[in-house]
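What follows is a set of structures for review.
Look at the two complexes coming up: chain A is in both, with chain B in one and chain C in the other.
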Partner chain A sequence: MKINQTINKSPQFRVLSEDQIEQIYFSALEVMERTGGVVYHEGALELFKNSDALVEGNRVRIPITMVEEALKSYPRKITLKGRNGKRSLFLEKDMVSFGTGSDLPFTLDMNTGERRNTTYKDVSDASKLVDALSNFDFHMSHGIVTDAPNPQTYDRHQFMAMLENCTKPMVVTSVDGEGLEDLWKMGCLIQGGEHEFRLNPMFVVYIEPISPLKNDSTAVEKLLFAAEKRIPAMYTPCPSSGATAPATIAGMLVQSLAETLLAIVMCHLKNPGMPLIMGGVTTLLDMRKSTYSYGAPELSLASAANTDISKWLNLIMFSTGGCTDAKILDEQAASEQMMNLFYSYLSGANLIHDVGYIDHGTTASLESLVLNQEMIGMVKQFGKGINTDDEHLALDLIEKQGPGGEYVTTDHTFKYWKEWFMPQLQDRSDYETWVKNGSKTMGQRLKERTQHLLDTYQPEPLDEKLRKELKKICEDADKRHM
Partner chain B sequence: MSVRTNYTVYESPRLQILSEDQKEKILNGMMRTLQYTGAHVHHEKARELFKKAGCKVDGVTVYFPPEVILKALSTVPPVTEVFPWDGNKEKKVVVEKNRSYFGPGPTPPNFIDTDTMERRKYLRKDANIVARVCDALPNIGFVQSLGSISDVTNDLADVYEFADMVRNTTTPIMSWSFTREGCRDIHRIAIAMAGGEEEFRQRPNYIFYGEPISPLVSDFHAIDKCMYCAENRIPQVYSPCAIGGGTVPATHAGQLVVALSESMVGVIAAQLINPGTCVIIGGVQSILDMRYSIYSYGAPELSLLSSALTEVVQYCGLPMYSQSGCTDTKKMDMQSALEASLSINAAMMSGANFVHDNGYTESGLTGDVFQTVMDDELISMARVIERSFDVNKETLSVDVIDSVGPGGHYLYEDHTMKWFRTYWMPTLMDRNSYEGWVEEGRKTMKDRIIEKTRDLIDNYEGPRGKVPAQADKEIERILQEAEKRAKESESK
Partner chain C sequence: MSSDLGKISDALTKGNVDELKEVVQQALDNDAVPADLLNKGLLPGMEAVGQKWKNGEMFMPEVLRCAKAMSGAMDILRPRLAKEDLGSAGKMVIGTVSGDLHDIGKDLAAMMFEGAGYEVVNIGIDQPNEKFVEAAKEHKPTLLGMSALLTTTMPRMGEVINSLKEAGIRDQMAVIIGGAPVTQEFAEEIGADIYAPNAGSAVDLAREYFESKA
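Right after this comes the complex of A and B.
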């Protein structure tokens, strides 16, 4: 037995030094006092007016003391419990989870290979897959229900599609404050009440400010409702470096942190101690094509750096991975998704979302979800690091087998090869076997696997009485908005 | 104006798989293995060399005491330079810690025909294609052939390959050979390109690749070539292809111990012969897929093992020969891309010196230059992470954030005009809108890769025209002599 040993149980990864993180944070504080932000919500402006902040019209400038005071009041841990009754999503420093993104208007149809509008059925199918795939820890809608009775109430129906087919914790989106209230009521019904929901929240609500530094009335309405009810929320920008944020990664991170800090102060004024999450999609505008890139290496770099900042601030991080600019599932989709999965995982981000996004975050793809299941598995295998205990160091075995020996038939190999990653979609057969099995590409295997899951997987059904009660909330909302 | 002091920056991200204690454990595992288990060395002169240095020799087994290993490690050079034969500084290779170069790999029997896209035996013309395409690719820092020529005199595939490649690329080549004779021919060609023996010693223009056999065996030719390189101060790789669960333990730590031990035999031999000569170790580290008995080139374990071994090798003060950009797939598809993407990024973050096998498909049995072209793009993306980003007053952008103001726009700012150019520009990744992509013919990345590769093959001449006439003549003479020698040994 050796003493005083430090072992890396997993790889250690960091983009920024502590000094660099501090410099970004101090710059964000400078923005808070010097530039501030705009808020288009009377109630929020009222909160700021009654504080030490300076309010001029919609412009709010916030003294550093307020920011640092507010920062102290946020929880370092949030635990979510899905409708399956399992407290399964532990959001705390360096605990990583993967999930889908939300609200994609288009879907790449599996059968036709064509892009079309996303429907209720597509969201149901995506939800079913997320429930079935072990490497997905939380669920966002993936697509947006475009065939709902009313665009003002689509969010309730979307949530229903998710709930009926997926039992895992969720990140939800809502149309407005009223929509969020309905979703929250549905969540409370499932968890058994308001207090139960607070102890065992089943979802985080996704809300975003508009870069640069703008908070519209709907976003603030939702955020303040979440603060009031202590619903876990993320208020995370999607800055587009070069368009809605500076054309440098450092500048983009300063601005997006300032956007977060403003929300942190606002929620603190409303109701201290709400579970608020930072992060977002930090990437660039491709200047030649005027597209927002989900596959750029800078997305990986900026997200990993942002995660370093979140850990330093003791805030929970919502990051991005498993997404691509490719229009279909091809070599580009696979390599970009793998790359951003790799870095978001290594960085230790808590919620890695947008897994499965294709086409710059405008198109959903069921097969893409199944593809990412495999890639997340590979990345996690890398994350296991190297076990260096005596049994794994295997010096006795090495001596026993000796120079020129073999290891295939040893008990040691039989025992430990099971620690390796077992691919489900990657082909490792020899050439002849591969030809004999039809010379299939990964795309073909992926399609078969996806179809098989859709045909055979049955998610645990919702209790019928509960389902009716949930449905009633949706119908009441439809009636109100007739 | 206030000034910032006591300030540390990360110039690049930090990835660390092993702690100091873990690295020491594996290093000590190597020391214990070489001392008590020993290694087979099938070369009498080499064994004499080891014996004279203080090793115990019993039959073909050599036991290396720690002081012999430590002495060898004390004379390995901290830095070595390899020079392109045309003097192009841009392509110079500096072998030192955390400086990485990516390249293809040596010797698969098959190749993907660049016209038909079918798999067939590797031909002499393929070496020319690989050399020129690699010469043109900006992220390929050293060149290997991606095959073993099947249509020249049997024993001369190695010499023809080098003779053809060196005249079609100025990017430093990593060569291989069957025996010491091939090694000598290749070296004479390199000397011809360098303009003389003394010139070569001053400015070596290639690296030699050799490998011991796992577990713990240096066969005659491997150690014989290693000794030749050391005598002539040719920078060399001496690294195994260790098969987890096959030729080394199934546990990663055990695999690292064996792989490090067998490489160390070459390091010791080289340092005894010529202290200060450059030896690069590491090698292919992956696992045996138990279901198909296939040595996997796409497994995530390959990336994990290689990154970890890089740390141990660096800990020993040696340069690392790692791998990436390779795949188990038979025909380019998503599998090739995702496997390459993972291994390239892992290798980049590990800081390995020479990362080879970019362009290996079918588990190392088929070379595919299309894969190399794809890998070139993936390497340049990984470099974006390696370079990281600047955090300073100008990049922090507080002034421009203030002048744009909440709700504003950055598109027309001077700051934007200056800085957006520093962002990475894809050459194969599509960033069109959906409509633009449809308009341009719904191309997949594979379609774009094929176009780009064929364009290079058809239109990129490479440095063939710049080869000095004298060197050209000398190379032809060396080839003729080699042919004569081959005929003679055949008639014997």
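Right after this comes the complex of A and C.
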């Protein structure tokens, strides 16, 4: 028997060393005391004033002791349960899940190829696909419902479109605190009550500060409501390196972490122990096109580093992958989506969102979701690593088949080939067979597959009584905002 | 009798080599008609397998397992069958041409043909042209298969066909060729009858060819 053995169950990947993480963390602490942030919310300023923080106007500077005290009170694990009744999403260190992004104003129409405004129907279709596609673990709306009766209540209708067509756990967005309260009430109805929701939350609410170091009143209102009701929430900085954050990745990570730490303290002051998740869409401003890039390799690098930091801080991480700047689902889209998907996966981020985004976070594409289903399958296969036990080293088999032998018909092959990734859309046939089958491009196969899923997949319907109760919350909101 | 055929088809599609041999032997012991076992049991079973393979519902290791079972059953059945009973399930000589040591593609094709009921004589890799001619003379196959994986060895296939012509036996068999660099154009250029782009489609293409000649 051998001793001193280390077996890698999966590949190992990290960007930052522990010393580098400490450099970034200590720098962020320095920002908290020296620079602080601004908060445009009276209630939150009140909380800070009654603490050891220094409040001058809207500017808040926070002593390190408060930060380190607050950091201790966040959960290292959150489990979500969708309306399918399955506790399916276990957010804990190195457990990876994939999901869509949300609120894209445009949709690349599958039939016309034109970009147009996103509708309720588009969100419904995306929700249906996410329910059908096995590699999607959670659902964000993908598009934003622009044809709701009132933009001020679109969030309830959007949530409804998601709920009708998707049974998986979700990440939701809301217009404001009042919107979030309605979504939370809807969630409580589905889970069976407030306490049930707390034990089995069905969604996380997505909230973001404004970089650099700015917290607007709506974001804070939502965050404090989430803290009060202990709704899982992520406060996700979206800095663009070179514009709203330093042009160096290290500098952007320091600032992004400081933005997170401010929320950590704020929520702790409101209600210690709320399930807050660390986030970050850390990328750059393209200096030729002045766009916030979703396909830059720097996004992958910074996001993976951010996940390293989150693990060191014992925080759950909301990261980004499967997204692109390409305007249509072309070669650029596939290469960029694959890159950020792959590295976000290897980093071990817990919720990888924005999967399927095209056009730098402005356009939705149903076929893009189906493409990512395939690509996630590929990256997950890589994550399986290599088993090196005797059976897998196969020495006896190599001896048995010998030089010039074959392995196709052996029991060993019969058993283990099934562990391979089985492509559903990628074409591995020879040239003649490909021609015989119509010389189809990946784009054509994606379109066919997407249409097939939309035509045939039936999500488990909502209970009719529950549906009416949920609808009533939406209608009441519409009445209030008439 | 019909329950025997059911058992045969079942053992075959499951790729159960030993069980298939057993049920075929049992059926013969019970005085079943050998041609019926082939035409109503084994061949329809392999046809179902072939269909599933084409539809992507079955995979190479599974199909080859069925082919292995078929081949084992045919070893028992063949001595009991008259030549005309064999129908399309003919005899094949197959090999890799001189200078080429690659054999997996050729072996896969050989197994697939065995699975279709062919009696396959696999003469191996790196076979000089005259070996193909000798084997053709000796075994009198209905089909001669050649494979090359290198562009440098591809021309040997044309030379073998010429040698068959010189020996005056070219018309007695169909010639099928394959291998990664081989194309339909090349097959036509050297006067081969069938070109198979991969091992999995070879049996079907051969069947289509023979049907068109019948």
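Rule of thumb we're sticking to: the second predicted complex is superposed on the first by the 477 of 482 C-alpha atoms of A that agree within 3 Å, B and C clash if a C-alpha of one lies under 4 Å from a C-alpha of the other, contacts with A are read in each partner's own complex, and residues count from 1 in each chain.
To be clear about the criterion, a residue touches a chain if its C-beta (ideal position, glycine included) is under 8 Å from a C-beta of that chain, and two chains touch if they have at least 3 such contacts.
Just so it is clear, the model here is predicted, and its values are computed rather than measured.
**Q** Identify the partner contact of A:Met338: answer first if only chain B is touched, second if only chain C is, both if each is, neither if none is.
**A** It touches chain B, and chain C stays clear.
**Q** Return the chain, chain B or chain C, that is in touch with more residues of chain A.
**A** B
**Q** Does chain B (first) or chain C (second) touch A:Gln5, or do both, or does neither?
**A** Touch partner of A:Gln5: chain B, not chain C.
**Q** Between chain B (first) and chain C (second), which, if any, makes contact with A:Glu399: first, second, both or neither?
**A** First partner only.
**Q** For A:Asn117, decide between first (touching chain B), second (touching chain C), both and neither.
**A** The answer is neither, since A:Asn117 touches no partner chain.
**Q** May I ask you to decide whether A:Thr441 touches chain B, chain C, both, or neither, giving the answer as first, second, both or neither?
**A** After superposition on chain A, A:Thr441 lies in contact with chain B alone.
**Q** Once chain A of both complexes is superposed, is A:Thr433 in touch with chain B (first), chain C (second), both, or neither?
**A** Touch partners of A:Thr433: chain B and chain C.
**Q** Figure out whether A:Thr409 sits in contact with chain B (first) or chain C (second), or with both, or with neither.
**A** second
**Q** Applying the document's definition of touch, where does A:Asn314 land relative to chain B and chain C: first, second, both, or neither?
**A** neither
**Q** Jot down the residues of chain A that show up as touching in both complexes, chain B in one and chain C in the other.
**A** The overlap between the chain B and chain C interfaces on chain A comprises residues 404, 406, 408, 413, 417, 429-431, 433.
**Q** In the complex of these two chains, what residues of chain A are touching chain C?
**A** Result: residues 404, 406, 408-409, 413-414, 417, 429-433 of chain A touch chain C.
**Q** Show which residues of chain C lie in contact with chain A when the two form their complex.
**A** Its residues touching chain A are 59-62, 64-65, 68, 103-104, 107-108, 111, 125, 184, 197-198, 201.
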